[in-house]
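Just below sit the structures, each encoded as structure tokens.
In what comes next, chain A is part of two complexes: it sits with chain B in the first one and with chain C in the second one.
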Partner chain A sequence: MEKYIQPFVDVCENVFKEFIGSELVAERPHFADKNDAHDWDVSAIIGLTGEARGAVVISMKQDLAFKLTGILTGNEHKTLDDEVVDAIGEIINIIAGNAKRGLEESFRLVISLPTIVRGKGHSIGWPNEQARIICIPFKIFDTDTFCLSVAIEAASGV
Partner chain B sequence: MAEKKQNLFINVMTSGRSFDAADGARMDETVRYILLNSMIFLGGSLLVIFGVQSLLAGLQVQGFADLGFATVVFLAFAVLRTKAPFVISGLMTVVPYMFLCGFLAQSGGAQGSGVLWSYSFPLMAIFLLGMGFGTTLSIGLLCWIAAVLFVPGLAAMSFEPDFAGRTVGVYILVLICTIVYEQTKIAKDLRVAQLTGALKVERDEIAVMKDNLRDGLFLMDRDFVIQPQYSKSLEGILSVKDLSGMNFLDLLKVSIQQKERDTLADYFSMVFNKSFDAQMLEDINPLHELTYYSVANGDERKLRCHFAAIDRAGGQVLILGTVHDATREAELQLQLSEEENKRQEEMRALFEVIHVEPRVLSDFIEDTEYEFERVNDILKDKTRSSHSVMVEIYQAVHAVKSNAVILGLSSFSTKLHALEQEISAFREKMDISFQEVLHITVELDKIMKIKDGFKDLIEKIVSFKYGEGRMQEEYVLVQTLEKVIEKTSNSLGKKARLVVTGIDAQAVAGASRRLIKEVLTQLVRNSMYHGIEAPEDRKLQGKDEMGRIGLAIEVVDGKILVQLTDDGAGLRFDKIRDRARAMHLVEDERKLEDKGALLQLLFSPGFSTAETADLHAGRGMGLSLVRDRVKEARGTIKLQSEEGKGTVFKILIPLEQHALSAGRSA
Partner chain C sequence: MSTRTVLVVDDSRIMRNIVKNTFASMNIPCEFLEAGNGKEALAQLETKKIDLILLDWNMPELSGLDFLKKVRAMDEHKDLPIIMVTSEAARYNVIEALKNGATDYIIKPVNEKTFQEKLSKITI
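Moving on, here comes the complex of A and B:
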């Protein structure tokens, strides 16, 4: 399964380096219960289907979203307005696009367009049955973090 | 130079058409051209000579007529080289010739022999101009000859009627014979054309079938050379182009070894022999199933080949080879058998699971989840290094595996064992990459998925099995330990029984239950491996063949006291010392003499006196796990041992702490 996850990690690292100009540090992955409460403000959901099914979700807090928007647009933001969502959506689009290229070439996979969700304490309806998801925290700008959560199941039940 | 001359000659005679003796179909046409050109040169030259002679003799009209005809004839030569129809040049030549013949007949010649030229005319005319023009012109000439011969005064000399009759008769005979001959030839040509057409249709149909055939089809001769007519798909199947003339055995050079190639050559000679039974040949066909690697690009395919001898005209025998690309079928077959294996494994796992008492199994699941949670907390703990995390995961997997082995969940424990082996590689490595941690995380997820499956199953089983009443905790514990002994004694060939002298229900209630069970599992295994001797050794020492492992759990002064005794060999300090030396664990030789230091070693991770690791023990993880767990619970371990008599483990764990956590979880 890591063969499906690793490309997302690599793509995240490359995209942040290229577009934000900041090195990401992938930290130790761990498990989370998808029903657990979290305090993310923005999440982007990228669906996968084909030989493996599931979703990859990139979640962050609003402070980081503001910072990233500031770098991309040059405007300062204090609320999670449309421009912030658009800016984050743009980064995620690039990530999804690059991941799509890599994954759809190597595997029988189709990757959906990303969907952005905003709001405090939003919950995500994951497509898989099990409660367990794998979270990969990324450290950025030394103090901020965002999380790449993955729940993928092989379609034929490996 | 000579060739060039000849080429020029052929070019002139055939009006620029190529001359190919092998091309029978076009020969007919070529001959007509050659004949016409010959006539042009011969007739034209004669006309010029006659013309000049006439002019010299003062016969101007006749001379100019001759030269005029000669011009027309030579013009015909030029027209023949253009795209104009053949018949135009034909008429331009034949009509002057007709007039020449007419003139010769009229002028008489020596003894009236000029008329003899006319006999060649029907042949020429019909051959060159065809039935229509040819016959008309021939009859025209016939009329003129008849007139000249019979009507006195028309010719330059007079003929006798007998001579005239015979001359005309012979001319008619020649004419009729020519017509009959030509008609027969036309009918024959028509028939040949029909046959050729039918053959062409047939050939096209066969070619279409051959080109659209999915299987590769080819013929090869005794030298295994592939013949030119092979089906197009053969190139695709073999991934080699232009197979014609290639050696079939050479094509298989990469796919089969020299020895097998020799066998194959023998097989082919049997096929050529034709005296063997077809079914028998098929049975021993070495290429019935072949993993083929293309000599051109190394493509891999699964092929099924079939060979049969066929007779060709002239007594030649060829082998007809059929090559079927079964790659996709083989893939499906493989997939199918893999799925079948998986299903069987699942069934086996299921049987293993339903053999376990539901209460014990749900206990196991709870323990597994507890270990998993612990591991996850450690994974999340950013203060810990990945290396120490790996050690923790290793211990957790080991603990779960021990439990799984006890319950007889062999397929699950095999998977855990594999994961354990993978993690053990990281024990030596201080620098563990993100990818490696991610891999282990994903593997843990797989393990947990299996556990989820157990959980689903147990829920289904329990829903109709409950009502028998819950088993007592101590009963579960005893049953678990008895299973440990049963499993290990089976695999080690030892005999032992568990003697329980008392279990305080208070001690094994709540959270301490798990700790006690985990610790005791490891200690009992340890006793079975390193304590209890083989039955024959025990007999020699005057001991009972059946080893005795004693257990007592009681609460003393607010502490849980767990006592585990065995009547085995006791600790062999010399063995521990040797192993410590072999593993270079202690540099200071004096320390090796200190029994206390050696005992410390015994509890350190990675130390084991067993030489190899298997599912049960030998990884040296057991006692370090005991030490870590007891330490976590702020307890102590005491160890008494007498060589030859046995070992006593005394573990003290504070009760308050457990009562407290038990209260919390309740």
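Moving on, here comes the complex of A and C:
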């Protein structure tokens, strides 16, 4: 499954550079368990179906969500309001959609609309029990971090 | 050049603003209309004369692809310029959209250079 992760890393770096105007530093990926505790404030989730099943999730603290939304809207944000939800949803949408190009030799994928989950320590229900979740931490703006988590496996019969 | 009416269809209000701002920076006189999904876009099409549609793919209610198929089935809109503006970057998605009548295809994130290049190929 790990070989399918690189397109997401490459795309994430490119999307932040082109869309947000900021460089990222990818940190060491690690396997995550769906029950691992975390202290992220918001996650945006896109489901993956078609010839593979899984999900791709971006998780971050709310201050980073506010900063990113502010870059896209030119407005200041202090709560996880509809514009912040829109911005983070669009970021994960662009990451997932662009990653399809790097995976097209392996799978034909369908991506879902984004779902946003708000709340400290929220939990995410991953769609497939067997697929391992890989978490790639990224550093941005020198002091902020977020995590891109991916779980993907070929659908049975493919 | 007379003012053109451009319909921007995307479920993200932020993306609609980014698309409009990118387009507007090219100094083409435009009036922008907006729709949050394909169903709203069809309603706009029924009541306004539109010169160009900038169309997202993944939207609730009615997707961009399904909107495209419906519009191309209408004789009066078979030549209406419709440019997909979408995150769907896989080649099979690009081919599917072009086969169903998209005039051209832009992969998000958008930029002015790509818009200029695409618009230079069509007449609106």
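Definition applied: the second predicted complex is superposed on the first by the 143 of 158 C-alpha atoms of A that agree within 3 Å, B and C clash if a C-alpha of one lies under 4 Å from a C-alpha of the other, contacts with A are read in each partner's own complex, and residues count from 1 in each chain.
Note that a residue touches a chain if its C-beta (ideal position, glycine included) is under 8 Å from a C-beta of that chain, and two chains touch if they have at least 3 such contacts.
Since the model is a prediction, treat every value here as computed from it, not as a measurement.
Aligning the two structures on chain A places chain B and chain C next to each other without any clash. More residues of chain A lie in contact with C than with the other chain of the pair chain B and chain C.
By the touch criterion defined above, A:V117 lies against neither chain B nor chain C after alignment on the C-alpha atoms of chain A. Of the two partner chains, chain B is the only one that A:Q6 touches; chain C does not reach it. Judged by the touch definition given at the top, the superposed model places A:A87 against chain C, while chain B stays out of reach. Looking at the shared chain after the overlay, A:E104 reaches chain C, while chain B stays out of its contact range. Of the two partner chains placed by the overlay, only chain B lies in contact with A:Q130; chain C stays clear of it. By the touch criterion stated above, A:I71 is placed in contact with neither chain B nor chain C.
Of the two partner chains placed by the overlay, only chain B lies in contact with A:R28; chain C stays clear of it.
Superposition on the common chain A brings chain B within a closest Cα-Cα distance of 21 Å of chain C. Residue ranges on chain A touching chain C, taken from their complex, read 15, 18-19, 69, 72-73, 83, 86-87, 89-90, 93-101, 103-104, 108-109, 111-113. Here chain A touches chain B in the complex through residues 1-2, 5-6, 9, 26-31, 130, 132, 134, 136, going by the rule given at the top. Listed in rising order, the residues of chain B touching chain A in the complex are 372, 376, 379-380, 382, 386, 389, 434-435, 437-439, 441-442, 444-446, 448-449, 452. Across the complex, chain A is touched by residues 11-15, 17-18, 58-60, 86-93, 107-109, 111 of chain C.
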